[in-house]
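Same chain, two partners: subunit A is paired with subunit B first, then with subunit C.
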Partner chain A sequence: MEKASHLSVIVDLSPTQWHLSAQTSNQYPLSIETFLSQLLAFLNAHIASKHENSLVVFGALPGKSVLLYSSTELLSDDAPSLDANSYLPFKLVDSTVVQRIMNEFDAIGELEEEPPCALVGAVTKALCYINRITHPSSTMPGVAEDPSIVHDPRILILSVSPDLSSSYIPIMNAIFSAQKLKVTIDVCKVYGPDTVFLQQAAHLTNGSYIYLERRDALLQYLIMSFLSPTSIRKILAVPKQDKIDFRAACFCHKNIVDIGFVCSVCLSSTHYLYCFVTKF
Partner chain B sequence: MPVQSLQNTDVIVPQHAPHPLLPFLQSQSQTTLTRLYQRPSSCLSIFRLLGPIERQLIMNLLWLESALSVATMSAWVLPEGKNAYDSALTVMTGLHIAPNSTVKLALNPTFKSSLRQAITGGGNTGSFGVPTDKDGKRQSANIENLDAYALERWETILHYMVSSGQGQNPTKPSQGVLYLLQRSGLMNNAHGAALQITSSGFQFLLHSPHDQLWNLLLQYLHMAEERQMDLVEVLSFLFMLSTMDLGREYSTEPLSETQKAMLEDLRDYGLVWQRKTSSKRFSPTRLATTLTSSSPPLPSSHSTGGSRTADGTGAVALSSGAAQQGFIVLETNYRIYAYTDNPLQTAVLNLFITMKYRFPNLVVGMLTRESVRKALGNGISADQIISYLTTHAHPQMRKNNPLLPVTVQDQIRLWELERNRLKSAEGYLYKDFASQADYEYVLAYAKQLDVVLWENAAKRCFFGTLEGHANVRGFIERRTGSV
Partner chain C sequence: MAPRNRDDNFMDVDSDSDISMLGDVEHRGKGKGKGKTTDKRKKDKGKAKAKEQAYTWEASYTRSWDTVQEDEAGSLQGAVEDLMARGRRRRLLAPAAAIRRAIIRHLVLLLDLSAAMMDRDMRPTRFDLMLQYAKEFVVEWFDQNPLGQIGVVGMRAGIGERIGEMSGNPQDVLKCLSDRTRLEPTGEPSLQNAIEMARSSMSHLPTHSSREILIIFGSLTTCDPGNIHDTLDACVKNKIRISVVALAAEMKISRDLCDKTGGQFGVAMNEGHFKDILFELVPPPAQRAVVRAGGPGANPAADLMMMGFPTRLPDSSPPSLCACHSDMKNEGFLCPRCMAKVCDVPTDCDICGLMIVSSPHLARSYHHLFPVKPYEAVTSMEGESESTVACHACARMFSTSASTAATSEGISPWGRYRCPDCHNDFCTECDVFVHDVIHCCPGCGK
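Moving on to the complex of A and B:
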């Protein structure tokens, strides 16, 4: 019997980037509404695959990250009313996610300058969540046999913002913890230039990084590449990046550098990189 | 089944035993299936019953408007997954989800539009059940009551089966259930009026509740065919139940006549609950809502309840931790300690152990040669005993590796082998050959045909199978005729 799989989805909700993405001057304009409707269909497809599949959705908003939906916790008190034409868990996901995103957007208000999106915060929260569900408390012995314990956790990052070089160290730390937890990180670059760090994240955790070329076919991309759990990826291949940008960011100016110099003193313990401009 | 396969985690290609319902669906005609696919809830449930590769393939094809060429899809398949991919395609064609074609791959249009509708919501098929408004006067059934009801019903059936041969008089399930048990060959009344459990009935008792349930429902489906019930209505009602929310009440108004008749049967099995037989509303129990999942369909009778969260169905999986806990401790000296006060579990254990002591919460017994041979005589196999013990092992036992003492496992298998010392086969004995040369000549011919079961050169005779007789006989006749 196959096991349940867990999916944490991290949605980059930067208002500026989404505004740019919806511009009609793009070859394939994609507004957040269309994006959300396709994303919800994808989330439902994940829940549809197996009764025990668990799902968590985090949103990376300017300056903060929030939990949008969790299949194991009740987030809103008012359960949606049943209706004869839809499956209740699907309806629950759809209404909760949309409702909470709307609330968050309303709360942003008019800002002079938009703080960068807290993508790292969302990744870290997702990792903590996975850690919690994969290592249930030891007070319940025998629970290891529970079919609801996930064996195949995955994180899917839907990114629209460009790289934030100041978050290089936290991202790398998150990648290392993901490797340790055996979490696969998949990245779908919905809008904007390629991000170096997320490419590395996908590569190092054996996930796949996809740059969305035909943005009108978002749902098909999501389903074909990111729906299958790792056991199925051994049978039906998923596209992987063949060229990965391995450049790192320097620690002093947070610039992404082609050539970095490693301090010969602290080399053994830390891999500190310094760029040319730094005077020792 | 859901629990015990955790040991082999390093299987490369996921081994997925097909769901027992799938062969039944495959035997149905295309028109029946297409009618069934008109309902989104049925599509969703069938989708869940399929294996992981089939599901991924269906999803890949679901949102495509035009057909995909077979070559494009197989380009995604890695070489080592070729076999799994091919068998997945066979399953899909068998269910008429994808038409059989060597050029183009596409989904059955009815299935496609219904599954799309299930995932996106909307439409007006009402296939997920019409909920009733809150009744101000009476409180609707809460989940504990529903669980207790389902458990009581289900255990009544099993308990009746297990104690039928022991001269006890347990509560009889309803007539419909008795008839079903008899029809399915789990019980028979060959030796007089009282129903007796059969060897397949004994095997049935050791299965997981999920398997037992589907086993009975399959029989019910076969019976429905004979009773001239509309199979599509029956199946879609079962699938509808499996997508319903536990602890809610649904209206019987939109149900067809067939489905209303089914309500009565399903009430007897414990799948649905109704306040009164004439009530206009019904609630599915956990037995029904977990039909298409692998979470345990029954809370164990001494479960702590577990906390209920989000949507009731998703939470089942979490709260089942307590329910799934085993209760059997098996020691290397063949002693079994079973921490249970459940008469059904005790009765099932009694099938293959010799009881020693009974305490309010503990039963102590021994696995002995006699007790195991008695079980084997009833048609239970050694593997079934071992898998039952594995599934219900106490959490303390889980620390051991291997879980059950090897000596005990081996001994149970040896006891089974003991019974298989004699093998019977029908056939013919060829003897009284005129000369050694004759004998060897015929024997060589028979060996060529691979029909020799036993030979004795000293006595110049050999024993051949029934199938080979015509050939061997012809050969001898031709030979004697030519001399």
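Moving on to the complex of A and C:
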């Protein structure tokens, strides 16, 4: 680890899915409390691996996405009290993330129906943030070689919700802009069925998609697969996903289809996908 | 305006025959300032001695400053802004014509890497200029053909060399073009070998896609193992369109290649012209025949092409025979209709004829269909006491005091830009980034 690396973590905080995940009828139940404690250990490991490493945590909540923690600026006014037994940066991350997640959960009122998680919003925010820290020159002209410029930014998505087919186009747009920015997107599917879009995201940006088979070993998965920056992953042989689904969502019903019709009438590069239902 | 006109005359004269030019230049020499006169005379002398056409590079060299006009205060700011605005307007005007064009393009870029490319008649060398323009070409090409793919083949030492595999990612193509040491020119070029290699890499492509070869050719010879006309016939049969940009002179065979396959042929006269004829090949060629897709898509009235989105098998899967080459392979793509295994996408399934594309190829162009609404500049902060303090996307703090710099239309003095749908504020940088790159508003997520 020669150069500083940047990690943006996106945590899917869908209350319904986390409730389901914690059910004891699952083979390996995982509650959000256990998840958070393991996640915090991973975040601390990232900060500890190099002093210049930067870290941002976004939360995808029902209907909105929030910035939970950013290493470049202090969000909360009240700094945590000094504790002789803990390293201050660790304590800062832990308390800020937990505090803010709890605040956001409290803010969710009694809803008839839970709106879907704003995963797209969180991903685009992470990309905007990476764009901001990788191109600092426009705000401060004349700075030649800023040591804080990160070299291989990564996004780690911890997903529990199933695919939201209406967000197909924005997700794909986000993936292509990540490709342009040379950002690696890693996906860890903590709970629920495989998501086609996130598989494609990881595949197209050279990241790894990992489906947790043993959810009680979350921390081990995180540290073994996602802690290393992309430059040394070649040596480490980080597991990649085994099978990628290249299906798309149709434009009429937002169904995920594997055979569809594409219009060639639109101008050179516009295509509408129609699913079988409308055609026959 | 007066000096401008004179220079226009001068430009015409320069490309004329040298007899009239000599007289004209002398005449003008008198009219111009003293400092210039001596200069011109020196040039005249050289011309008279050499008795040959002016060097082509002089044409663009002498007048570059004339295109920039100073304003009253002697500042160039206005001229620069005008240039930028013109560039933007050009982009906006571009997609006006509604011609049906090839949808999915496949292009093999054939680069001449023979010793002839080290000639210095184009500055710095033909080779360096070719690499530079090829990179610009690739960027522009992917911008206009998001579904397209480019492969790169080099002609060097009598053989065709695969430099870059067919790829839809501009970064991959640029990477293989940027490794200058790996592309060092040597030996004789072989058109036949290189075209055969390009042809074989496009043989698996589906029928609806256009297959093109673009040759940048600097040599005047080709060193072929067989009859190149057989290769040409094979290309005509495979409907491969060959275009040639020659850097030296027109060769009969390169003219034939273009004419018989329906491509474009051009000889670059100078650096600027080289770029022009290269970039003429960026917009997709107009389609002449009706799209012929497999299955029910063949009906021209319906014009819907049936496409399948395959599943990719990992490298670690048990090896099996592929349907296209009967090779034993681990990785591959499964046709969603007949579950046959094919090596590469996009292609037509060899078993059921279904067109197989990977959905990211299609999705690459969706942002043209659903652009992000332009953000409104926040011009007054009244009645917004509880408004956010940081950019909604990148969490950068907004400045609390309005900037006093000249405010023009559409620029917020606070650097705040608001989405009309979700009413979140974004900073200037994110505004540009969201509209140019992401095409998706972080606030509303669409």
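To be clear about the criterion, the second predicted complex is superposed on the first by the 269 of 280 C-alpha atoms of A that agree within 3 Å, B and C clash if a C-alpha of one lies under 4 Å from a C-alpha of the other, contacts with A are read in each partner's own complex, and residues count from 1 in each chain.
Heads up, the rule we're going with is that a residue touches a chain if its C-beta (ideal position, glycine included) is under 8 Å from a C-beta of that chain, and two chains touch if they have at least 3 such contacts.
What you see is a predicted model; the values in this text were computed from it and never measured.
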Item to check | Clash or fit (per the criteria above) of subunit B with subunit C on subunit A | outcome: fit
Next on the checklist: Tell me the contact category for A:Arg215 with respect to subunit B and subunit C: first, second, both or neither.
Outcome noted: neither
Next on the checklist: With both complexes overlaid on chain A, does A:Phe246 touch subunit B (first), subunit C (second), both or neither?
Outcome noted: second
Next on the checklist: By the touch definition at the top of the document, which applies to A:Phe261: first (subunit B), second (subunit C), both, or neither?
Outcome noted: second
Checklist entry - Regarding the shared-chain residue A:Ser177, is it in contact with subunit B (first), subunit C (second), both, or neither? => result second
Item to check | Smallest separation of CA atoms, subunit C relative to subunit B, angstrom | outcome: 11
Next on the checklist: If I apply the document's touch criterion, which positions on subunit A are contacted by subunit B in one structure and by subunit C in the other?
Outcome noted: 70, 73
Item to check | subunit B - residues contacting subunit A, complex | outcome: 1-3, 5-6, 9, 12-14, 16-17, 40-41, 44, 47-48, 51-53, 55-57, 59-60, 62-64, 76-78, 80-81, 84-85, 117-131, 243, 245, 248, 254, 290, 292-295, 309-311, 313-315, 317-318, 320-322, 324-326, 394-396, 398
Checklist outcome for this item: Within the complex, subunit C is touched by subunit A residues 65, 67, 70, 73, 75, 118, 120-121, 124-125, 127-129, 131-132, 135, 138-139, 167-170, 172-177, 179-182, 200, 203-204, 240-248, 257-265, 267-271, 273-274, 279
Item to check | Complex interface listing, subunit C residues touching subunit A | outcome: 95, 98, 100-103, 144-147, 169, 171, 208, 284, 291, 297, 303-314, 316-317, 333, 336-337, 345, 354, 358-360, 362-370, 391-397, 429-430, 433-434, 437-446
Item to check | Contact footprint of subunit B on subunit A as seen in their complex | outcome: 1-2, 4, 41, 44-45, 48-52, 54, 70-74, 79, 81-92, 94, 136, 140-148, 151, 219-220, 223-224, 227-229, 231-232, 234-237
